[in-house]
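Okay, got some structures for you below.
You will see two complexes here that share subunit A, one where it goes with subunit B and one where it goes with subunit C.
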Partner chain A sequence: MGIRSQTALKLTCQPSTLSSALQIVSRAISTRTTLPILNNILLETTSEGLALTATNLEIGIRKVVAAEVAEEGSTTVPARLLTDFVGTLPEKDLEMALDLSTQTLSLKCARFDTHVKCIEAEEFPPGPRPDEGDRLSIPLDELLAAIEQTQMAASTDEARPVLTGVLLHIDRDGQTLAATDGHRLAVRKLQARGGSDLEARLIVPARALAELPRAFRGESGEVEVIVSKARNQIFFRAGTSEVTSRLIDGTYPNYTQVIPTKSSTTVKVATSELNQTVRAVSLFARDSANVIRLKTETGGLVLSATTNEVGDSRAEVSADVEGSDIQIAFNARYILDALAVAAEDHVELLFDGPLSPGLIRPPGSDQYLYVIMPVRVAM
Partner chain B sequence: MPRVEPWPRTILHVDLDAFYTSVHQRDQDRLRGIPVAVAGSSRRAVVMGASYEARTFGVRSAMPLHEALQVCPQLTVVPPDHARYREASRQVHAIFRRWAAPEKIEAVALDEAYLDVTARTRHGTSTPEEVARRIKFTVHTEVGLTCSVGAAPSKLVAKIASGSRKPDGLVIVPPATEADFLAPLPIGVVPGLGPKTEERLRLMGVRTVGDLADYDTARLLQVFGTSGAVLQRLAQGRDREPVDGTRPAKTISAETTFENDVSDRETLETALRDLTDRVTERLVAEGVRARTIYVKLKLPDFRLVSRQVSRTSPTDDVETIFRAARSALEKSHLESRPVRLLGVGLSGLVHPQPDLQMSLFD
Partner chain C sequence: MVELGLNRAEPATLVVDLNCAFASIEQQHDPSLRGRPLAIAAYATDAATIVSSSREARDLGIKTGMRVFEAKALYPRLVIREPNPPRYREVSDKLIEILQRHTPDVLRMSIDEASLNLAGTPDLTRLGPEGVGWAIKRAVRAEVGEWVTCSIGIDATARHLARAGIRTPLDFLYATPQRLRLAGMRREVAEHWLKRLRGYEVGSFESARRKSYSHSHVMARATSVQADLEELLMRLSEMVGRRLRAAGRRGSVVTVSVVYRPRAGHFSHQAKQPQPISTGEEIYRAALELLAAREPNREIGTLGVGLSGLSDAAEDQMDLFAEPRAPRGDRLEKAMDTIRDRFGEDAVQRGRLLGRAPVVRDRIAFGNTGHPEE
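Up next is the complex of A and B:
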């Protein structure tokens, strides 16, 4: 018998749980990276099982999967290869063992005997693990709902980096998420549980927040949020899952100032009917501004759109209209974005003339506000 | 009297002969009749344009200047004068507009345009040949430049016709004779047929456009997919592409080759600023806005790196374009490698919408 090779990181886990966790952390792998190690996922044994970490140095995601650990250790494995391979395995025990001297990870599962070349864990960039810093706690379901209702309003225009983020505005009164691309603005107040002394305006990349619902699926309770002392990193933890992100440097525009405070027309309408109508009519809003026109009429709201070479469409939606009649035009996509995340059966539309911002909100509430600038058209 | 069948469409392709050098030769007596090239002054400059006298020595556009001077040591090199080229182009377009509505004039470049003059020939009042001759005559007498014109029922054939007898040529290809006109020409004249496809066609025994037109369609489909059938249709002279003067240019770009490779940030940004000013000036002159701003770098080993930034709303603001170009440069120049050439381009060009999306924070 030869010399027994030195092993470390030895464990058994289930392919399906590992596979779904791999898919989630792989979201942080950048498709175009200058650092080859960032194509790998860091595997580490912990007291809770096997921790998986991936990062593109901007966003990092960490998940822990249940595992029976026989020997502690760590290494890094090519993300794509491991994810694709584990995804094909039958639901039988998967035994992993690392040969330290060759950095080869052996994977044994049912009929499969596989060896993957790895890179030492020391090569992996140390993720920011801000155990120090300002902390607050937000109910998970509340945070995820607020992200869903705001992140689509953030800009994708990298010429203005600040607007590609979502503002997490924390003060004595509570926490608010706000996002805008300069044409529309979404503001969602979080139902705070207990006050915090922390006051901060943190700009979190919308791309990072968009990962939270996926990364925290299956978790419940509170999300622990830690902001690094230098105010350049943010850290979200729910259960054993973690998402870290850099913060965007810059001054966020004063969003409260553009929320309309008065209105001359209030329209209350069923959310799903309006959504379906805008969707249909906007097929005829094909020019680049995507213009759909709204006009109040007795007992309702008339929507219309025209594109020269395509045709035109007009539809009525029953609505409660209060105040003066109005004709106004919007980019249909901005309306659809708001309606897609409206939580109530009805929405209220508030207008103050055809050239002032319109407001969409749940009837009588200011917990969620969606402001849209109109399109100036020849009526 | 035999009745002349009117053409279904009368399309002219007008191509100014050796445009850049002709403008200089027109304005300076000493340049006439001698080999002239337009090129920058850097030692890495390339030839932008060569006079017919220079072409007989083998001087070609895009040739490195030092190479051009080797094949033609008596070559007179003049620096480019973009303002004068634009002015000449503007005068020529003013003449075009006497013969076709603006939406029927499609500019391909400063020195090249398609005109749809069907309205002039439909009722037999003028023949395509008469219109083409009048345009050639007017451009020569009023602007002092010669051009080559192709007249045909399609853009494709008009373009190939104008290129077939340069300079000062006039080639008329009446309907139903397109395939015969194209048949003897080498397959390289078919637009969209790249060198790789050309090579494969040669191996299949296809040398002329006529060979391609008659080739077994099923076999072409097998080898080249749908594009094989598209190429064959073009080879048969079948092209229905309209002349569209409302279509803005696809991209506007400018680039500069550095005298010495540059790696420091400041020099690059200064050059970037200059290039941004140039492309934005052209953007504004065309009355369009750009959605995408890209930066192109050529490294000393001739490798090309390019990165782009796309905006949600199209812009023609020079500062916005500069900021976007700078952020694209940051993305493409991560390792501060030396740079041989820097270029800035604008694409996703659109005519500004009369409908104006208002902004929250202005």
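Up next is the complex of A and C:
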């Protein structure tokens, strides 16, 4: 990563900018690592300032903060200590200088004169470099919105590793993100932006994608996506910020086949009203597998939940209902997850019987599709 | 006198234990067995273990845990019977019903043992704990039968305590937590006891919900023949499934355990299913895959199948990618359950098991209440 010369690193920067960058980069530090060096953050001077890199060998995050570099150099500093310490400093110039012979980093800021024991930069695992591989460019806002709308549907159960990832499906028509835990599925098409010759189905760990909004805060424009030739690493770069991740090996389930293609009932409802109602009623489903029942009635949708020995709750939400009446039950959390990221004022719910998957989407659009499998209950 | 900080309220907890339960229930059922040394053994073979012996047998030194041949060496004319769990469950249910007349706080501790908390009940004031005890004894005699008796009192840990040098109630009262740990108590248990001894009720009357269902079978002759093992596995899987369905539950983790014999050794493998299952067929299919991990040439003496990761059958979150569950399998097993409930376990059989002796029997493990819902 850049030049790792033996010259002593020497620079001046602002504690607040350094502190926020350290906090972001530290997200890649694993709490239980077997390699002590991975508890450290790599500091390197670059032409743009000071680059900070952390990795747990699965995810790597790199940020560059503005700094006046007097002497180029690099070292690695204990992440937790540096982050906590810099976070307490007053907003005065922070001078950093490395004593090469002792690998001690001196930090001078206002009243503070501090020395931190470091480990040589050479010990730090060289991250994969994105110099070669297939490239693709995606507008940053669009990518972040799509991540927000899909990553929560990924599984956290390591028993099915493939489902802990989000599928980045790239073909001639554009790019799609899809995530599922086997009970619900979120599919978001990215605004097409010219064709790409690249065709790939890449499974990116949901944990890695979840870091993107934080890591790219303050950046704008395009995200450059690079996929390593071996198709085992993915690299995201926006401005001077970078996130790398290992890709999950395996075959992603054919998600398109479970998206309902027909429906017998369509319900259009105000997003915020439905969200608030599900939230309230589902309090009475907490101890009964979080099951909430939906029932269409003229002019509305009736939500109800019951837990023996706790109580029950029932509420009506005004809605446009078309088609046949339905009674269906879902895990309330799956509904709330979809409503929390719905971008429009209204959502459309499509059903095709109580035992077929339900679909939530922005009215009349297939840009974002959220499929939920119902819970089989006695009605 | 030293101030011990005693709870001077009248005792409100009773422990009721059926005496020689299985044996005396059999004697109640069949008067010709009364007054004769009788042992209930897991099987009617000499190598089998005795699970209960009648008072008459106990007087001859025949105890639970002995092998049949050992008991017969003591008394050759000993009558041996195999257990009849439905009969015992019926008596157990009756006992619980009798206890519930005095308090709603009844904890079934095993099939022949229960405790009840009388605190705050009208009967405690009206009859006192001893009076309630007598009422229970009278009801058991009248409603279960004159041959079935019960003991009412406290404590079953005297033996363990003696090991730690605690021989009298006062020894127990003055014992330090360290000494109680010598008696095999964990620290929390020891602390609970020290409180109980000072008259404070600790611990809940709610029993923990069962976390797994399993059945295992010790084979008369060890075997490594796949077909024999498959048959046994199928039977065990069906029994697990049957109890699971009776309790209205499903499970997602299937475990197969194997003990090799005569060359000792064992293994246990488990696999999480993509979705919760409850039919014998599904359990069998998962168990069969796990059994493939056995050493093919080694003879197996004991085979067990278990299901854990339990959820209520009602919470049936459907899966997006799984094949739709064939309701046929569920319906078939439900129908089989109904037939067996009415006509007995052997009334209907899978074709493969037809004509085979019912090698695996319904039984009640020690410390187990024998009830599927618990």
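We adopt the following convention: the second predicted complex is superposed on the first by the 370 of 379 C-alpha atoms of A that agree within 3 Å, B and C clash if a C-alpha of one lies under 4 Å from a C-alpha of the other, contacts with A are read in each partner's own complex, and residues count from 1 in each chain.
The definition used in the following text is that contacts are C-beta pairs under 8 Å (C-beta built on N, C-alpha and C of every residue); 3 or more make two chains touch, one makes a residue touch a chain.
Computed from a predicted model, the values in this text were never measured in an experiment.
Upon superposition of the two complexes on subunit A, a steric clash is found between subunit B and subunit C.
When the two complexes are overlaid on their common chain A, residue A:373 makes contact with subunit B and with subunit C alike. In the superposed model, A:67 makes contact with neither subunit B nor subunit C. Set against each other, subunit B and subunit C differ in how many residues of subunit A they touch, and the higher count belongs to B.
When the shared chain is aligned, subunit B and subunit C each come close enough to touch A:184.
By the touch criterion defined above, A:155 lies against subunit B but remains apart from subunit C after alignment on the C-alpha atoms of chain A. Of the two partner chains, both subunit B and subunit C are touched by A:289. Touch criterion met: A:357 reaches subunit B and subunit C at once.
In the superposition on chain A, A:22 contacts neither subunit B nor subunit C. By the document's definition of touching, neither partner reaches A:234: not subunit B, not subunit C. Once the two complexes are overlaid on chain A, the subunit A residues touched by subunit B in the first and by subunit C in the second are 159, 180, 182-185, 253, 258, 288-289, 291, 331, 355, 357, 371, 373-378.
Residues 34, 155-159, 161, 180-185, 253, 258, 287-289, 291, 329, 331, 355, 357, 371, 373-378 of subunit A touch subunit B in their complex. By the touch criterion given at the top, residues 159, 180, 182-185, 253, 258, 288-289, 291, 331, 355, 357, 371, 373-378 of subunit A touch subunit C in their complex. Contact residues of subunit C toward subunit A in the complex are 272, 274, 311-312, 314-322. Across the complex, subunit A is touched by residues 293, 309-314, 320, 323-324, 327, 334-335, 350, 353-361 of subunit B.
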